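Sending over a structure as structure tokens; questions will come in a sec.
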Amino acid sequence: MAHLLLINCPDEPGLVYKITGVLFGHQLNIIRNGEFVERHDNHFFMRTEFAGAVEPATLLAELEAVLPAAAHIRLTNNHRKDIVLMATKEHHCLSELLVRHAFGEMNARVLAVVSNYEVLGDLTRRFDIPFHYITHEGKSREAHEAEVLAVLTQYQPEFVVLAKYMRILSSDFVAHYSNRLINIHHSFLPAFVGASPYAQAYERGVKIIGATAHFVNEQLDQGPIISQSVIPIDHTQSAREMAQAGRDVEKIVLARSLKLVFDEQVFVHRNKTVIFD
Amino acid sequence: MAHLLLINCPDEPGLVYKITGVLFGHQLNIIRNGEFVERHDNHFFMRTEFAGAVEPATLLAELEAVLPAAAHIRLTNNHRKDIVLMATKEHHCLSELLVRHAFGEMNARVLAVVSNYEVLGDLTRRFDIPFHYITHEGKSREAHEAEVLAVLTQYQPEFVVLAKYMRILSSDFVAHYSNRLINIHHSFLPAFVGASPYAQAYERGVKIIGATAHFVNEQLDQGPIISQSVIPIDHTQSAREMAQAGRDVEKIVLARSLKLVFDEQVFVHRNKTVIFD
Amino acid sequence: MAHLLLINCPDEPGLVYKITGVLFGHQLNIIRNGEFVERHDNHFFMRTEFAGAVEPATLLAELEAVLPAAAHIRLTNNHRKDIVLMATKEHHCLSELLVRHAFGEMNARVLAVVSNYEVLGDLTRRFDIPFHYITHEGKSREAHEAEVLAVLTQYQPEFVVLAKYMRILSSDFVAHYSNRLINIHHSFLPAFVGASPYAQAYERGVKIIGATAHFVNEQLDQGPIISQSVIPIDHTQSAREMAQAGRDVEKIVLARSLKLVFDEQVFVHRNKTVIFD
Amino acid sequence: MAHLLLINCPDEPGLVYKITGVLFGHQLNIIRNGEFVERHDNHFFMRTEFAGAVEPATLLAELEAVLPAAAHIRLTNNHRKDIVLMATKEHHCLSELLVRHAFGEMNARVLAVVSNYEVLGDLTRRFDIPFHYITHEGKSREAHEAEVLAVLTQYQPEFVVLAKYMRILSSDFVAHYSNRLINIHHSFLPAFVGASPYAQAYERGVKIIGATAHFVNEQLDQGPIISQSVIPIDHTQSAREMAQAGRDVEKIVLARSLKLVFDEQVFVHRNKTVIFD
């Protein structure tokens, strides 16, 4: 069985030697190993995939003994993650994820879809996933978010994915899913933060547009970026045509980013990501 | 001999028919033809490359007779443009252009290089181009720009190219070269306007960086974009390494944009470009 | 109502003038116009989108009167195309098309899916599309193709799309759908023609892989290319991981190519495509 | 002072532990570390950048003691490589390298340029590099190569770079520079092997063209690929225009590949490269 060891801590000499020593002492076989030191603040990251029989408590105790006190150590068997998807009206990201999920291509179990509109209910039900329609009409943001949270809580998701969910979430909401709430933004951030990025892109006359998948934090479109991708455009494209072309980029960037996150290839550090791929 | 006809005007029915009728009446042979209508404000653009003997005044008169009064009509034989290059310390854009120029690959004649530092003088002289070192030290911006303008004026350039010229130019200066002053900005605009875009990109943790060639107007980094290009980066790259990687993009984007401009493939319209390539 | 005029013929002076003259004579308003002359053999292509009331027979007669005898003239209202999809076991291209179709994003009506395996039947039925399972086991190629043709014939499709249909089709079969049979090949053609291109790519150690959508002709993987796209890879990826990564490229390239074909933006000329986009 | 340790050998458990143990035992500080195991044949690769005072003979002896007998161990201080450039008539790759060299941007010392034509002599001399014109006219391939080899031998280059050298080299010649002879091929290999790849690309109607930098071995265009890059094209471009557009790709791919090789980031293994970047 394959295991994953994820470590990050202040850098110091001998870390790789000490960590691999613990693994070697248990005859564990390293399948894949990556290390990185962020030189800016001398922080060490290591992700190790290994095979072999292991008693987790023992291994963790031995690693703690050789690592700095401040080290974050995570030992996992990279289980399928329980997730809930949120969307508004556009289908492309949601259907991309539902299809991949239906064919076992995501390291995740989609427990439910939550939407503030009804339009994606039919799509969701085609894939036998519960669909929760929670309109925001006539409700304060607080009241609406409380309803959404109530539904989410009943599913206990490890991650919540905003697959083109077009409402801004409050800091309070975001705080419930720190580093576990992922959004796809339809621009190449930090260009075109906020609403209607394609209209902004058209107005500015850019020659490339893109999409950004990121963890959501309390500041709009400012969270740690996981992945970005772009496509060329030209003057012949209206804002609407840019939006159409951009959808292909959005869904692929989101799917790829979720693969990285669910396969535990992503560390979040100081509003940035360190990714082992 | 090849001629170029560049027309833009408010759209109305029959424009292509009328314009090609004038050309056909003179037995002129169309080599390449492009039209575009900006639907946002119904503005018509046409670029026609044609061959044949032609009396310019006659042709223009006939075109004026069939086109709306507001039409801009330009007839040219796409001559080599006279240009001056401005740079500061980084060589990559300047050397890219000097090399292309030396091998006849630019539709331009580089009359001189102007710099606020001495470091690129040796490179420039290797290519037998006059180098003007005009330090900004101890001078007001106005005084420095006046000196630069004095040199430029003596060369009468049709275009001034900022090949990594790292000083902000005043609106007064820019006004002398409306739609004739081209800059390469080392970011994917409108992301990271202003100083140190690579440091900003590093800080933000983006996964793609880029470069933007644009006409300069009175607002910093806000002029009409000609071309943009990007490359992927990751967490392992420092701001300095991003800058290194970005240089290849910058110089290619600048060179490609100048080719478009000097070959008269670019219309500027309402702070955007319409490009026939 | 919008109309499309598609013309190709040997080039000669005045073609644009004459064609736009016919349109102008009927007060038809050109929305979008593209021309191209292939200089290699002096062949002229023109695609015009126009609006206005028109009697097709009259318009065609007038165009024929001014165009060379060899001209191909096609006047269409760009209707939704009737298509049948064929697939084998992999779902990614098929689901991409079924989802787009379900949301009205293809200029086509998917009449049926035909497969030589049963595995994609469940997916197809989720989208309420007839699924025809026609195994090739225990049959000669001729016998199998005859069965497939019998089903296709009953649907009278204008186009047949091979959405990862992994069997080679005979020349006889292909002849039934000349320039109407579209395939997605999982490599950057002409690299890695034939079977197992990802295994070939792994073996060769390439640093980029891609996908190619093309019309099928009687020579394997040699038909006119519509669109291609690529992604970078590196030495860490096995042939299987390349295949996974390649799927995203394949499905997007296929969907984009079908958009071009179904919107009648593609001319086929001498085993190549001329595309107006 | 920074050192580089490059190891490759059959994989076995504990390699990273043992290697980092030797380094840790000498108080050497790892700056950057990369490992990779090629699962196909279970071969282990490791590249370690470290700082600290070290007696090379001692370190190598200790590493040999803990590593398999078949291990290749290389300890280097990543010195500037002595190289000779070869070219024919096209300047773009040569000038790219000469400019980078002039500004200290290559980890190499260009000792000389060898060409079978005179045309690049002027460019080379602008950068104060010896230029050897060795025509092939009226000589057998053997005689010409013998002359070239005689010149190369006098410079003792560690690497020979074919910067658009357009003659096929014999196996005998290649054998002198095994894994030290680098070529830029003007296509996306393995598409369009051999002569005139842009003409082939035009003929085939591809929608993307590219360039490939590779080590040269005895089979034409079959050596280990270091880097590849591509650009989109369309039906409007002639073979000549493709060649022009391709030049920008060629020179950047070559320069980037040389950076990887000269910084010792490239392992060659079974006709493929393993690259740590």
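A, B, C and D are the chain letters, set down in written order, and residue numbers restart from 1 in every chain.
The definition used in the following text is that a residue touches a chain if its C-beta (ideal position, glycine included) is under 8 Å from a C-beta of that chain, and two chains touch if they have at least 3 such contacts.
Just so it is clear, the structure is predicted and the values come from calculations on it, not from any experiment.
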* Asked: Which pair, C-D or A-D, has more C-beta contacts?
  -> C-D
* Give, as an integer number of Å, the spacing between the C-alpha centres of subunit D and subunit C. => 40
* Just curious, how far off is subunit D from subunit A if you go by their C-alpha centres, in Å? -> 38
* Multi-partner residues of subunit A (at least 2 other chains) -> none
* To do: Could you draw the chains as nodes, link the ones that touch, and say if you get a line, ring, star, complete or other?
  => complete
* Asked: Given the complex with subunit D, which residues does subunit B contribute to the contact?
  -> 91, 95-96, 99, 102-103, 123, 126-127, 248, 252, 255-256
* Structure fact -> Touching subunit D in the complex, subunit A uses residues 13-14, 16-17, 20-21, 23-24, 27, 29-33, 35, 37, 232
* In the complex of these two chains, what residues of subunit A are touching subunit B? -> 36, 38-40, 188-192, 204-208, 210, 224-230, 234-236, 238, 271-275
